[in-house]
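In what follows, subunit A forms one complex with subunit B and a second complex with subunit C.
Our next item is the complex of A and B:
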């Protein structure tokens, strides 16, 4: 688990490329040993944020604080972070062993062996070898030392890229969509492996992805971004259960989002019906966005439902069926283990705690993160 | 396999203009002028005079290749860098000499270096003494470097230009300062460009003619000049063919040698 100390802090970071504003007033901090995921659609600024932390981009405004110090002017090669690049960027002129050795060979003998007085060349060589072998074991690539990196599969290259970065024992590991090129099965395996590596080594991970499931599987904290702004920060469960706006609700998990009006505290009207809910603190008759997760809708007899509609389509999804139910004002997405055939009339029931009311304006990205 | 018919015209071309001439060269090299078979021409390739010319050719070609590499690599590096990508004109200026006929260029160099040429005229006007440049080995070397430099810059520029910037960033990320990034990543990854640059400069340099005659006043006969002389002046086609054969083998050997240097992928490790 992470410690409650801020390791990295981004303060009012803005960045533009030409006329395009990529990051707009970003404020976020990352704790020691935390697994943070920057999640968002492509072009939301998540990779740029990572590159700013790595030192490959300079923000137009704002500060990057690392361990209490402003590191704006520190070049990438002096930062205590390492990166796993998108598409790996391995050195094709070096074999697996030398790829991993690259960073270690750049360190001084004293850095490699702080406990030894005047380390000899042999000691340094042995230390480098020891660390590489340990890393190869960690990423399960023992025996591949002399292979050419071109001869490796995508998953293997991925492991070498991770080993090459981790072997330097960075305080922070930056990962830029590292699993993007892998097939689904391998990706799931690697997700679990990455998570266990992070816990084993106790290193802070900052992970960029556009895959919400990946984010939910691995992260302590998820930072959801859109259009260069942070939409919401929180752990997976709180973001899923309490999305701050329609964008977040849509991005994380399946959802029914529809316009509604908040009559008063604990009472909302949407889809032509007045519902009891658990939200309060809205203005009287304030227009809102309403979120109901598909698995939170119960299908019951058409004579007892709050809403009545007709099943339009049925898809079998493995664990559940996904049905589209048209109630006249809205077509609902419903997940249920019981199947109702298309054309049948069903009643819909939603319990108050499963209705989530969101402020309209928040979707425009005006919230302070 | 109908597609193989498309290769037909090329096959005819190769037979007419590559294989047939080669057969003629071999034929002449082993025959006397009146038709008898002989090895004298081949043996003559190894006599003292020819050897001297041969060694001089190789020496000048090596020096030219070295100079082109020393001048061309930094030029290619600067031209390939991000800051210069806007100035396409600059790149064109470096390549421009390639668009002109090589004899024309050499005549122009001549008028620069002559005793009453442009450089000396300027020097005199400024009150300095004239410098004797034309007819020296330096002048020949200068002419060769000037002529062949673009052939070094182009392939190196291409290999640097297509290099993945993320690999450079990865090296920085792992703690390499700009100097080490160059020494350990950029340079090794540009080796294929350097190899083809060396090949493209060394080959024409070792076989060059006219440059030495025009800029060296004929004092530094090279292999190319010697072959030309056999055909144009001495009318000794047999010896000329033998020399050509000799030179071809020389080039083949040097290409073979260069290809050995080229790092085999996967074996490149541990070299630094």
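Our next item is the complex of A and C:
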């Protein structure tokens, strides 16, 4: 990545509330026009990180660089970012139109119309009106101008909150779990709409969520956090295929994670069996965590499997069945389109490229961002 | 059958209570329109006492002016103090806020006589250093002290209802802190401010005990009390009727407002 495409950079950021360390030495950069998701369980520090970028929290240590300048001392009302808050925080004393107009009315005529010399009041009013109508069209809420925000549904309020932020043409839009309060169907629709808005407008989105599926659907880059530390940064596919540790593997997608030992390059032992694998670069006999995704396990006849076990339970999940298979040392979660009834004996087979070896979390120590 | 009896009893009981509560006021209102001066005789309907009250009772009009001036000023000042106080408490840390809330409750629950006597003592004490005779200004200060908590406790729930990010949203959209307060926070909590102001005005308008201790100038309640000792003239009935109606109207407005808020 070229240095000049970095729009925001957090350098060694730490933050505590009282005795609780919320962020521990965070290093991350965000590129221009990127859709970045901060993903993690609640309490992992993702919202605090977003609030530091928005200017609502001051870090105890470290730097926030925006477009090459340290913006630590810049108050929120001078930052070129806007925020869509959790539960929207719309102004209930204003109608839809005036909510969206709020930020524009605070700008000077020169800021609104840089190409016009001494803009008249009428020109300013028309410009504000033009921008609001364009936003209402973008969020598909034309015709709602005069409505009270209290009279809108959750999804509609969400759209107005997005319009109110985007109308100011920020360089970065911060979104704090904006879809959390919506039902599943609406949430999926809004995910796609948000993504297309971001591509259409070409601005940077920083999105906070605890929903891994949401993160995978929308993001160019996912930053996975836990316990105030960044666990892994990457695009959805690389995080899914190559999780750095057991936490990431567990958080993104379904997984079987079990302890194992790396005998030598390309050879690992786990679940009482020696497997061929594609990983290298570990110490001889290093204890490791092994990840096998449930869809990567093939169920075959019990006489030919690498491991043999008994099907304990079967759940129908729509496209596939989810079966629990007990091989004595470990109970495997297996996804398969073929169903084996509970109680039957099956063989398990895993191809080398589907075995993913991870360093032990304790041994990992600090994870470089 | 039992059901009907039950219904009947319930209606009677309610009626009995209402009669008990409001018959004295009804009697007074009726008598205020009595042509005759004696209470025992109905001399026909007339506005005589109302005319006398307005045109021939300069002491009552003086007291009315004082009452209104104090009520209006005390309301305006306590609305400002109470609103800012509520915003401050809302933003304060939990333990500190709880302490401040309890301290503000105290004057509301304290007997008026305690508030009155202690304020009187303070004014007498202060009068030893700077000239502060017990009159308009002392009464005003006293009314501000008991009005402010009413505003505070009308505004606090509105602040609690507000989305916690509202202030930050205003900053985010380009407001400086003071502007966020005037353009967003205060409009958002305005219903609470208005209700608090109406309550404060009502309290101030009919206060007797605290005013009695803190002022030598009579407000309306004090005047009625003084008149009662000499024997009440029917123009006092007329005055009391007007006060009753004004306060009734204010209370209806306050109740209507809180009903509306509960709906939305």
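Here, the second predicted complex is superposed on the first by the 360 of 369 C-alpha atoms of A that agree within 3 Å, B and C clash if a C-alpha of one lies under 4 Å from a C-alpha of the other, contacts with A are read in each partner's own complex, and residues count from 1 in each chain.
Just so we're on the same page, a contact is a pair of C-beta atoms (placed from the backbone, for glycine too) under 8 Å apart; a residue touches a chain by one contact, two chains touch by 3 or more.
It should be emphasised that the depicted structure is a prediction, and the values quoted were computed from it without experimental measurement.
Superposition model on subunit A: subunit B and subunit C are shown in a clashing arrangement. With both structures placed on the common chain, the touch criterion links A:95 to subunit B but leaves subunit C unconnected. Applying the stated contact rule after C-alpha superposition, one finds that A:314 touches neither subunit B nor subunit C. When the two complexes are superposed, the chain touching more residues of subunit A, out of subunit B and subunit C, is B.
In the superposition on chain A, contact is made by A:168 with both subunit B and subunit C.
In the superposition on chain A, contact of A:147 is made with subunit B only, not with subunit C. Residue contacts after overlaying the shared chain place A:181 against neither subunit B nor subunit C. Common to the subunit B-facing and subunit C-facing surfaces of subunit A are residues 54-56, 75-77, 81-83, 85-87, 89-94, 102-103, 106-107, 150, 164-165, 168. Chain contact summary for the complex, subunit A toward subunit B: residues 54-56, 75-78, 81-83, 85-87, 89-95, 97-98, 102-103, 106-107, 146-151, 164-165, 168.
Interface residues of subunit C, counted against subunit A in their complex, comprise 163-166, 168-176, 179, 184, 187-188, 190, 264. Chain contact summary for the complex, subunit B toward subunit A: residues 164, 166-167, 169-177, 180, 184-185, 188-189, 191, 263, 265-270. Taken in their complex, subunit A has these residues touching subunit C: 54-56, 75-77, 81-83, 85-94, 102-103, 106-107, 150, 164-165, 168.
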